[in-house]
Each structure stands twice: as C-alpha cells, then as structure tokens.
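Each of the next two complexes has chain A plus one other chain: chain B in the first, chain C in the second.
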Partner chain A sequence: MVLELQKPRPIWQIMFSTHHTDVGLLYLITSLAFLFMGGALALAIRAELFLPGSQIISDSMTFNRIFTVHGTTLIFLFIIPFASSVGNYFVPIMVRYKDMAYPKLNAIAFWMIPPAGALIWLGFADFTWYATPPYSIISAPGPAADMWIFGLKILGISSVLGAINFIVTILKCKHPDMSIGQVPLLAWSFLSSSLIILVAIPTFAAALLMLLTDRLGVSGFFNPALGGDPIAYAHLFWFTFHPEVYVLVIPAIGMMYEIIPRFSRKPIHSYQSGIFAFVLLSIVGFSSWAHHMYATGMSFTEKTVFMVGTLAAVPASALHVFNFVATMWNGRIKFATPMMWAVGGIALFFSAGAGGVANAAMPLDFQTHDSYWVVGHFHLFVMGTIAFGSIGFLYYMFPYVTGRMYNEKMGKLHFVMSFIGTVMVFFTQHVLGLYGMPRRIFDYPPIPEWIAMNQIASVGAMIIGVSMVIFLANMIYSSGKGKLANTEDPFGVGGKYYYPFEVKNPSH
Partner chain B sequence: MSGHSSWPEWIYVGVVIALMVWVGAEAWEAERLVDHVPADAEVIKVTGQQWFWSFEHEDGTKEIGELHVKAGKAYKFEIESKDVNHSFNIHDYVVLMDAVPGRVNTVWFAPTEVGQHDIQCREYCGLIHYNMRGTLYVEDPSS
Partner chain C sequence: MKKMIVLFLVLAVMVTVPVIESAFAAGDEPGQYLDRRVIIWNLFFKMMTIAFVVGAVVSGTIIWQCWRFRESNPKAKPTPYEGTDW
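Take a look at the complex of A and B:
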C-alpha cells in the first residue's frame, strides 16, 4: 500500500482531492506545522522562566497570550488533526472500503481547520485555553478573545463532522465479510473516540455561544454582575473536556496497538480486552468532569461523587498497559524507532496515570491544583503519551506515505533526546508544584528551589527543541532522498501488513 | 481471538481496583476531617480583586496584602471576589480555595508555629496574576 506520494502531482490536485489518503496527507502536514509553531511558543515560555525577572518576553500580557495560544494550538491543531490524519489513512483500509463514507464532508472537515487556526493565531488571546469567565467576559481584550471563540467554534464543528464520518465508515462501510469484532483495534479507537466527541462536544459548543453573547453584553450567563455564575461555565466546559482528554488519548493508544504487536512479532495479547477498555473508558469518562473543580467550593458529597467517578476510570486505562506488556512478553521484539516511541509512551502513560490518581484524591488535590504539578500531570499525557504515540506512528507510516525510509539513527536519537527532555521537564514540574509554584505565571520570586527546578525544566525543553529540529530534518530529507522502502514489509518484521481496497485480500 | 490464559489479567485488575478503593477510602476519610470547621474558629473575610488580597478580622481591623494571625488558634476564611476568579492560597498550610465573584467560599486552618508564609493567587486572573502575592504572619499568642 504505497499511499500516493510516489507519483509526484501538482499540489492543487492534492488540495482539491477528497480521497482519504490525500485528506490524510493534508491533515498530516497541517498538524505538523502547528506542532512546530506551538512548540516554538513552549520554548519561549521555558526561556522566560529560566530565571526570575523578565528574560526574553517583555511583559506579562504577551506571556499570557503565548501560553494560551500554545495550549490551544497543540491540543486542537496538532493532536486532533494528527489523529484525523492517521484515521484517514488507515480506517478505510482497515475496514476494507474504498474511501471514507462521506468524502466531501471529509474534505470540508479538514478545510475548516486552517481558518480556525488563523483566527486563533492572528487573535492571540490571553484568557487561557479554558477561556476563564468572568475574566474572559469583562477583562480579556478583544478582538483576540472573540477570534479565539470563533476559532474554537469552527474546530468543534470540524471534530463533529469528522466523528460522524468515522462512525459511519466503520459501522456501515466495513466489508460485509468482516464483523465488528474483527475490526482492528486502531479502528476501534476511532470508533470510541468519535462516539465520545458526539456526546461531549455539543455542551462546549453551547458554552462558547453563551460566552460570546456574554462578551457582547446581551446576556449574563457566566457574568455575576448580571446574575450569572462562572461555575456554570466550569461544569459545561469540563463536561466536554474531561471526556475530551480520552478523545485525545484513545487514538494514540490505538496507534500503539498497531505498533506493539507488529514489532513484538506476536499477536496482541487480548483483542477483546482492548475493545472492552476502549468502550469502558468512553462511558466512565463521563463521570469525572468536576474533579477539575474541587477548589471552587463544592460540597463534600459532590467532591466524593466525582472522586469515585474518576477512580472508576483507572482500571480501564490500566488494562491497556497490561495488554501492551503482555504482548511484548516473550516476543521477538525489534526496537526500531516506532517501537521505541511506543514503549517510551507507555512508560510515561503509566507515570502520568499515577499522578492523575493523586489529583483525584480530594485532599491531595488542594496541594496540586493550579500548581505546576497539574502542568506536569497533563503534559505527561499530552506530550509523553499522546505525542509519543503519534510521533512513533508517524515514523511507522512514513514509508507508506512517502515510499521511502526515514533515517533510523536520527529517529532513535530523536527519541532518546525527547524522552530525556520530557522526563526533565514534566517530572520536575510535578515536584515544583509540590513546592507551591502556581501555573500560568510570568514571573516568580527568587525562591532557590523554584529557580533550580525551573532551570532543569528549561534545559529539558531545549533538549526536546533540538531533537525536534533533528526530526524535521529527517522528515524533509528522507521524504525526498531516503532509501526506497519495501512497502510490503518496510521494517523487516515479516509478513505484509495492509491490503489496500483495490487488491483482493488473499486471506479471503 | 487468541487463546491466552487470562488469570494474570484478572489478578492485575483486582489489584488495581483494590488500590483505587484504598486511595478513595483514605481520601474520603481525610477530606471529611478537613471539611469540618471547628466551632470556635475566628472568621476572617478575604477579598480578592485584581491584583491584591484584602482581609477583615472579626473585630473590624482591615489589612491589605498582609495577614496577621495568632499561633494555636483556628481561623475560618470567608473568601469572595470583587471582579474575576482568583484562588486564595497559603501553600505551606495547604490552604487553597477559589475566590469566585457572587459566592462566598470557606476554608479553615489552624497555624501551629510562629512564622512567615507566602500568600499567593493560584487561579489565572489577568495581567498581574503572577504578582498577586501577600504575606501571612503567624504571631505568638501571648504578645
């Protein structure tokens, strides 16, 4: 299955195409562009925090805008479009259909992303990725804030359209010979995350509209001066975004389910338990949203309910870890670059989960909430687990997309540096949080422990930064000049992995 | 799909569930105690606004940016905000509670030793959020 890039075509042919691999390529390039843009902002943040006082950013307003756009970009313009890219390439092939169910809708969902990205970047809002009211209503400068709201609105619609397309492709277009219990786990991950999107996103979509009309002064949903309540926004936002964290992580887990068995040269330990864990997580994930709100003044009963709801989701995540380890057990493992990223991602997934449990335990959350601990916590997921799974998968699909191999040494160096950097930045930030440093601050008092830990984190970030330059060079150079790949078995682990629609599947 | 034996998986899941039950039970027990405000706690009104903290004691004395309390006594903070969300935080005593406009949130603490501690804002509130700081002075009760 060589996916199209080998025969050079004019760029507009790809841009106006609705074929799933072309749309997948568009998603891929867009998401990588935003990965580097958002990553540059992260380096600016880390450089600023290297020492107390102003370093490279002159004022706090600029700093606040930078971390807001950093978070928004990497979640909505890197992680989600990257997953859509993988889904576009692989879901139709895995369910043995010629394309996505609705190719035009697919292209439309993609083309909503660049304008949304432009709104977010040209506006450069400062009210955090949470768009915190009433600050966002009475204090945040426009038009940046309004542009952000419109940008997110568009991205929400794009997500919903994409989700509908994946659900229909998997459930309705799969080959009649294939039961849903035979669909590979990667496709199952898209089915689960798409179902979560359909249930979760509308709530935030409504909240965004209310936020907008509040800003226009025609309503006061979240504005206490007009009788509204900011806590209502918190519920609406987190009802969408706690489940959304599973939307982000589930496809990455799905990618690992593709990589781990392949490079262990063994079938997955338990296919059923993988499906079970996906489905369970999609349901139980809806019972924990207010664990983000322990410190807003909730009653003891409310806090208890959401703690139990949060802890109840942990066994589902733990099942995936077991499945991965059991698959590798006694396998003839080949540690090629994709496998290294996947295994590193699983190790970080495990550590991140342990930290999440501490957040969920109510009294401990009063230590960690809104401190650097939380920043460390969710970055171990978004960077350590999701970006690691995604980048590993990018190396894995590289020969299919380009017909060429990436440079293995550079890929491994990229991994080793990123892994060390990630541990340095985000493990350290957990400890920094325990020392009391609040998140989202432009400057801090010269407390010796804070300075030391900020410096470790900043050096770690620079290491990741350098590794990403190596990555970029590898991708650009190898896609033109890399050695030709054997597209049946690019990694030399035996067998042929994928059967495109045109070719008759020999096992049938 | 694959014929594997599943008992290690069951044991593993059992262990994870047991751990979660244990964490949950411990947290429930601790939080129950923390949530219970002592009856003799003295009330201090805390007001957050962009970008400083002000305090009002039961006897009417007011302070801005500084808070003086006595060691060995319990205090109950009644926290409000005049504008946007803030979060009142004395990290050394694990005092953390959001200041939300339109609401009064409460949290209590009982400082034990004489000393100085940082007060800060832990919820993003705009331009000078990073420097919305203050100092807690815990004084000898006999002085």
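Take a look at the complex of A and C:
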C-alpha cells in the first residue's frame, strides 16, 4: 500500500480488493469522512447552545435528530472503523501472516459500513444514540427510527465479522515461531476488544430486534402499555455498550503502546502488565453495565456491587498509565506529532478516569445523573483519549500509507488547538453539570453561570473545528505534495518498525 | 511483572475500601439520598480532593518527564537501545 499515490491504481481495483492494506485504506477514508460529518454536527450543537433560545436550529426535534446522528456517527462510523483500519494495516504484519485470516469476509465487513451509514444519515432519527424507549417504540417518527435500527443491525454484523477475523488471524495465523506472549501489544489490544465484541454485541442485536417488533406492534417487550418494561431495554443496551466503551478505548491504548516506546527510543516498560491490564479491562468491562442505571430503583446491594465492579477498572487503567510513564522515564523523547497526541491522550485519559470514579460512586451519581457532567465525562474519554490516540496514530501511519511526510508544524498546531479546545469544552461541561444543567436540552433558562460556561464550551468547540480544518488541509496537501518519506525510518528514531513497507500487495 | 501485580493489588485495595464505605453515604432506603445531600456533597469534595492531589502528582510527573527527557534537553543521553534492532 505504501507509495500508493506515487503509483496510482484504478479506484475500482482498491474498492474490490480483499488485501488487508486495501481494506485498511477503505476503512481509513470512510472513518475520516464520518469524523468530519459527525464533527460538523457537534459544531451545530455547540453553536445552538451558545446562548439561550433558538440560535441556528429551528426546533427541538431537529436538535434531537442532530445529536442522535452526531453520537451514532462518531462512535459507530468513526471510532470503530478507524480502529479496524489500523488493525487491518498492522495486525497481519505483527503476527507475520500474509493477510487477514478471511480476506473476503474482511472486505464484506467493510462494505456493510457505507450502507449502514447511509441508513443512519438519510433517516436522521431523533431518539438519541440509546434509542430511548418507550419513546422509540411508541412515537419516534416512522422511517427514520426503523432506518437507524437497521443501520445499527448492519454495523453490529460488520463488527462481529471483523472481530472473528481479528481473533482467528491473531490466534491461528500467527507465525509458528511466535508465541502468543510475543505478539505486540497493539495486536493484543485488538484481540481483547474483539473478544469483548463477540460476547457483548449479540445482546444488543437481540434488543434491536425486540425494539423493531415493538415498533411494528407485534410485541410489547419495552412498551409499558402492553406490560413491557423499558428498564429491560436499558439492561440489554448497557450490557453491550458499557463493554463497548472498552472496545473503543482498548485499541486506542494499543496505538499509544506503539507510539510511546517508539518515540521514547526504548521498549515498553512492562509488556506483561500491558497484556494483564488489557485482559483485566476486558473482563471487568462486563461487571459494570448497571452503573448507568443507578437511578432506576435498583436495590442498595445491586448498586454497591456494580459500583465496585466499575471501580475494578481503575487499577487496570492505572497500570496502563504507569506503564506509559515508566516507558518514557530515562528515554530520549522525540516530540513529533504522534508523540504529542499520545502524551496528551494519557493526560486526558487520567482526567476522564477521575471524573468516572466520581460518577461511579453511587451516592454522587444521583447528583450528576443526566447532567452535563456525564456529557463532559464521556466526551473526555472519546475525544480526549480515543480520538487523541487515534489521530496520533494516523500521523504515525501517514508516511506508510502515502509514502510522504505530513507537515510537522501543522500537525503540532492541530494538536495544540485540539488540546486547548478539548479542555475548554469538556472540563467546562463537568462544572456545568454540577451547576445543574441537564443534558440533551435544546434551550436553557438565562442563568448567568450556564450562559458563561456554554459560551466557553462553544468557543472551545470552534477551536477544535478550526484545528480539524488544518488537519484536513495537511492530510490532503501532504499526501500529494508532501516531502518523500524515508520508509525505513520516517521519524528518525531508529528501532524495528512494524511498518509494512515490504508487504506484497498482489494488486501492485 | 511481580512488581506490577503488587502495584495493581495495592491500587485495587486503595480504591475499593474507601469506595465501599462511601456507598453508605446514600443511605439504604429509597429516597434517602435526597435527605443526605450534605453527606453526599461532602463525599464529593473529599473525592475531588483526592482526585486533584493524585492528578497533580501524575500530571506533574508527565510534564516534568516531557521536559527532562526530551531529546533537546542538554542532559539527554542516548538510550541503551539506540542503534539496535529492539
């Protein structure tokens, strides 16, 4: 795949290829397209909330549609496909195999994403990314809700197919000379997250079918009027989507495990503890789903069990942070753009985790539940940790994908602006939540503190928006006109890269 | 690895014990959490004090590391792995 732009091929040859680097490229381009689409919706939300009253969005229904599609897009159509892109490029090379275990299945898994994205965007549903019942089954408007359900169904199948492929590639196709204890941590992160997907996704697949049949009026699983229980949906949803948080974050940590030792010019401090922490996170991810539901009338014992289950993730996460800090210690760190994103991601990962501990403490959750605190906490994870790790890794793999170097100054400017913007938006949202502002509201009363904090958050969002324009310009310009990269060692830090420039692509 | 496991266990105990204690701040009867706001907010401020102290230590360490171990620092020296195929 390297030097693709120097030796261009017909686009159809890439589109219908089953080679892992071609499928990786398709995942990459698709995920970035959805990043910008979902990001544009975020800017619309922040522009609307800059002041009380209607600003640029005419009514609350449209506002609901925008934040529903914003969340769905960035989680399912940016973060997961981006991780799949990285996995496609690197996992086969890391386990020293010629391709993914099932190349055709791999291509099929990718090609499910565009139609699913089209269903979500053309429908533009309004019931939040949680598909809140009973609203979603009783009165959410027609084709939009059904299109969202079918879109998510397709994305679920795509995720399961991708997970099977990663698991088989890592466990069964790795080189016979390579034990599982020698597989790089990035590949381990894909193994862990793929195992979570296999266990978690079927539950939501069932919930989606039940939601659909409820909407069609042939069942009443979640419809109180027919004896159903919306709380049952909450359990099914969160049983999948709390572990899904780890599906999103674990590959991003895996990417940091590739970047931080490379730019510190020394190996990872403790490879085994990285594996231990990945496996532990994969397990404890399933012990915490009901912490999203403390306010639904659970017993004291249930709440306490899930609180402890949630906090069990803290030591595992701390192990990762300690591993990164210990790796950087006594290194000779080159602060190229990928390293800046990775270090920024670690700092924000810690902050997001600290907010999560307060959230998970059941007595406090009652005070912060459904407030902007939750919005700030969740976004600090997805933007501050996952997107930072992912974007850093995109810069890291850029020379490999294009054979050229990105503009370093623009990359660093992108990081600095994004970091400042992220802190402005999401730290402020935590405080806004403590001041009592509920989440998912289209308008708010003119309370001076609320106005001031919303304005800070909106300005921060605009800074991120501008930085993303710089990022896009850098990617487009550098992929065509950037300086030619030394593909043996594009960052000049030495060591053995997993840069697969020697991969033989049959289409070349 | 053993050191990391020990570190993990210490962290696990440090996190779990105060948290189990804090669960009782909400009371064990439905609705009691509304009557116990002072206790709960007190818990919040205690947790935030811990979070800010730990956060300052971790963030301070990362910032110091970035300054001390950057390649342009006059004290920076090559790691033992440079020039090898590690």
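Here, the second predicted complex is superposed on the first by the 491 of 508 C-alpha atoms of A that agree within 3 Å, B and C clash if a C-alpha of one lies under 4 Å from a C-alpha of the other, contacts with A are read in each partner's own complex, and residues count from 1 in each chain.
In the analysis below, a residue touches a chain if its C-beta (ideal position, glycine included) is under 8 Å from a C-beta of that chain, and two chains touch if they have at least 3 such contacts.
Because the structure is predicted, anything quoted here is derived from the model rather than measured.
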Given the alignment on chain A, is it a clash or a fit between chain B and chain C? clash
After the superposition on A, what does A:Val357 contact: first (chain B), second (chain C), both or neither? both
Between chain B (first) and chain C (second), which does A:Lys334 come into contact with in this model arrangement: first, second, both, or neither? second
Touching partner for A:Ile268 - first (chain B), second (chain C), both, neither: first
Partner chain(s) touched by A:Gly436 [first = chain B, second = chain C, both, neither]: first
State whether A:Lys303 touches chain B only (first), chain C only (second), both chains, or neither. both
Check the residue A:Ala318 against both partner chains and state whether it touches chain B (first), chain C (second), both, or neither. both
For A:Phe276, decide between first (touching chain B), second (touching chain C), both and neither. second
Who does A:Asn106 touch here: chain B (first), chain C (second), both, or neither? neither
For A:Thr132, decide between first (touching chain B), second (touching chain C), both and neither. first
Chain A residues contacting chain B in one complex and chain C in the other 267, 270, 272-273, 297, 300, 303-304, 307-308, 311-312, 314-315, 318-319, 322, 357, 361-364, 366-367
Considering only the defined contacts, which chain B positions touch chain A in the complex? 1-2, 4, 6, 8-9, 12-13, 16-17, 20-21, 23-24, 26-28, 30-32, 34-35, 50, 83-85, 87, 89, 91-92, 94, 96-98, 100-103, 105-106, 118, 120-131, 133
Touching residues of chain C toward chain A in the complex: what are they? 1, 4-5, 7-8, 11-12, 15-16, 19-20, 22-23, 25-26, 28, 30, 33, 36-37, 39-41, 43-44, 47-48, 51, 54-55, 58-59, 61-62, 65-66, 69-71, 76-86
Report the residues of chain A in contact with chain B in the complex, numbered from low to high. 60-61, 64, 126-128, 132-135, 138-140, 224-225, 229-231, 267-273, 295-297, 300, 303-304, 307-308, 311-312, 314-315, 318-319, 322, 326, 357, 360-364, 366-367, 369-371, 435-436, 438-445
Hey, which residues of chain A end up touching chain C in the complex? 264-267, 270, 272-273, 276, 297, 300, 303-304, 307-308, 311-312, 314-316, 318-319, 321-323, 325, 328-335, 343, 346-347, 350-351, 354, 357-358, 361-364, 366-367, 494-496
